[in-house]
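Chain IDs A, B, C and D follow the sequence of writing; residue 1 opens each chain.
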Amino acid sequence: MNHIRVQQEDFDVSAELAQMRLCSKEIGAIACFVGVVRDFNEGTAVATMELEHYPGMTENSIRLIVDEAMQRWQLLGARVIHRIGRLSPSDQIVFVATSSLHRGDAFASCEFIMDYLKTRAPFWKKELSPQGERWVDSRSDDVLAAQRWRD
Amino acid sequence: MNHIRVQQEDFDVSAELAQMRLCSKEIGAIACFVGVVRDFNEGTAVATMELEHYPGMTENSIRLIVDEAMQRWQLLGARVIHRIGRLSPSDQIVFVATSSLHRGDAFASCEFIMDYLKTRAPFWKKELSPQGERWVDSRSDDVLAAQRWRD
Amino acid sequence: MIKVLFFARIREQLATTELEIDFLAQTQSIALLRQQLVADRGESWAQVLGAENVIVAVNQTVVSDSHSLSDGDEVAFFPPVTGG
Amino acid sequence: MIKVLFFARIREQLATTELEIDFLAQTQSIALLRQQLVADRGESWAQVLGAENVIVAVNQTVVSDSHSLSDGDEVAFFPPVTGG
């Protein structure tokens, strides 16, 4: 029902959604999110990006986030894919999809998973621009976004 | 930048998202929604479903909804596809995707477009089950969902 | 001439997809147009077109019963929408 | 033995991906482990590992400085996460 992958290769959203639809005939709504490498980050041209992660902990922390979403909302499935390694502008980085009977639960849980993933899953981005390498700073907006979900 | 289609044929989410990513190198976030034909609706087995629409008004009303979303949030693009005609359980019915610099605007606008589409775009579903034909009733939940967005 | 369209359940109940009606003093508002259609077509139309949740659009924009009509307008009667 | 991992900026600043350290009385908490690492490796490690926003995980769960350690634990030091 749930599916979590950390991989170097790109993913095919249509194929992922098709897999998701196969899981349950009750699905009426699928919310999904795709994160994309941006060309500009705080004014610096980004040539490529390198994504580091903590193998094992990454998958476990995503699993915990998804489990929490399943407890909060009525979901029929969740899929998360996060890419690692070298990525270029316009590349897909992350995919989150949640399925439900109705769209309210799908939208809320998809945004919740993204907000928590951004603050809890051990991934780190390094930008490799013509000016050199730069570790991306964490965004206070992301911390605030995750805090919204506290009871 | 925006793209609206009403069509009988199925759609390929990956291809739509790829088109969307081509529109702007600034895109960092894409929120998307896929509506799916459910096998059961209020306890009745659904064999197939027939979607009727008001040609012309349908496209215009979706365009107005998308324009309103573009005014409310900072978006880099929006795509809406709605299928018509005969559909079966697990078929995709509707696709909405919005792209933005950051995910907050993408999520909110995607849900807004779906909520408004559900109450303002002239489509009507008829279920064709072994028990006969039945026009689907509008849901009060959908009216409430759309009202949330009023200022 | 006013073009009148019917959709979904209303189209089936009236067994009518589309009709044209002369633009007259009697059809200068939605309320008057409805009265004229009932006068022409019979009491069963009163029930269908007068039902509480019937939506009316003129030139593809939803309007209220007091909306004025002009020659050449396209009027549509339909039930609450259920797409998406 | 305790396995200690370093990630991202911290890994680069310390030029160390992974090390092993004997499990001793001196390493029974994160705070004590950090002191021991600084004692072994020098003052530059104090700055990097003592920076305000350093996150510590034990056996892949984020913990506070007072967390107790057991023989065989996996400890990781890393900066705030920036995935997604």
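Everything below uses one rule, namely that a residue touches a chain if its C-beta (ideal position, glycine included) is under 8 Å from a C-beta of that chain, and two chains touch if they have at least 3 such contacts.
All values reported here derive from a predicted model rather than from experimental measurement.
**Q** Provide the labels of all chains in contact with subunit B and in contact with subunit C.
**A** Common contact partners of subunit B and subunit C, which must touch each of the two, are absent.
**Q** To get from subunit B to subunit D along touching chains, fewest steps?
**A** Graph distance in the chain contact network comes out at 2.
**Q** Once you find the CA centre of subunit A and the CA centre of subunit C, what distance in Å lies between them?
**A** Measuring from centre to centre gives 49 Å for this pair.
**Q** With centres defined as the mean C-alpha position, give me the subunit C-subunit D separation in Å.
**A** Computed from C-alpha means, the inter-chain centre distance equals 74 Å.
**Q** Where the centres are mean C-alpha positions, what is the separation of subunit A from subunit B, in Å?
**A** 22
**Q** Take the average of all CA coordinates in subunit A, do the same for subunit D, and state the distance between these two points in whole angstrom.
**A** 27
**Q** Can you pull out the residues of subunit A that are in contact with at least two other chains?
**A** As it turns out, subunit A has residues touching two or more other chains at 35, 114.
**Q** Going by the touch rule set out above, which residues of subunit C reach two or more other chains?
**A** Residues of subunit C touching two or more partner chains: there are none.
**Q** What chain pairs are in touch here?
**A** According to the stated criterion, the contacting chain pairs are A-B, A-D, B-C.
**Q** Provide the residue numbers of subunit A that touch subunit D in the complex, in ascending order.
**A** Against subunit D, the touching part of subunit A is residues 35, 51-54, 56-57, 60-61, 82, 93-94, 114, 117-126, 135-139, 142.
**Q** Enumerate the contact residues on subunit C facing subunit B in the complex.
**A** 5, 7-9, 53, 57, 60, 62, 76, 78-84
**Q** So in the complex, the part of subunit A that touches subunit B is made up of which residues?
**A** 12-15, 17, 21-22, 25-40, 89-90, 99, 101-104, 106-107, 110-111, 114, 141, 145
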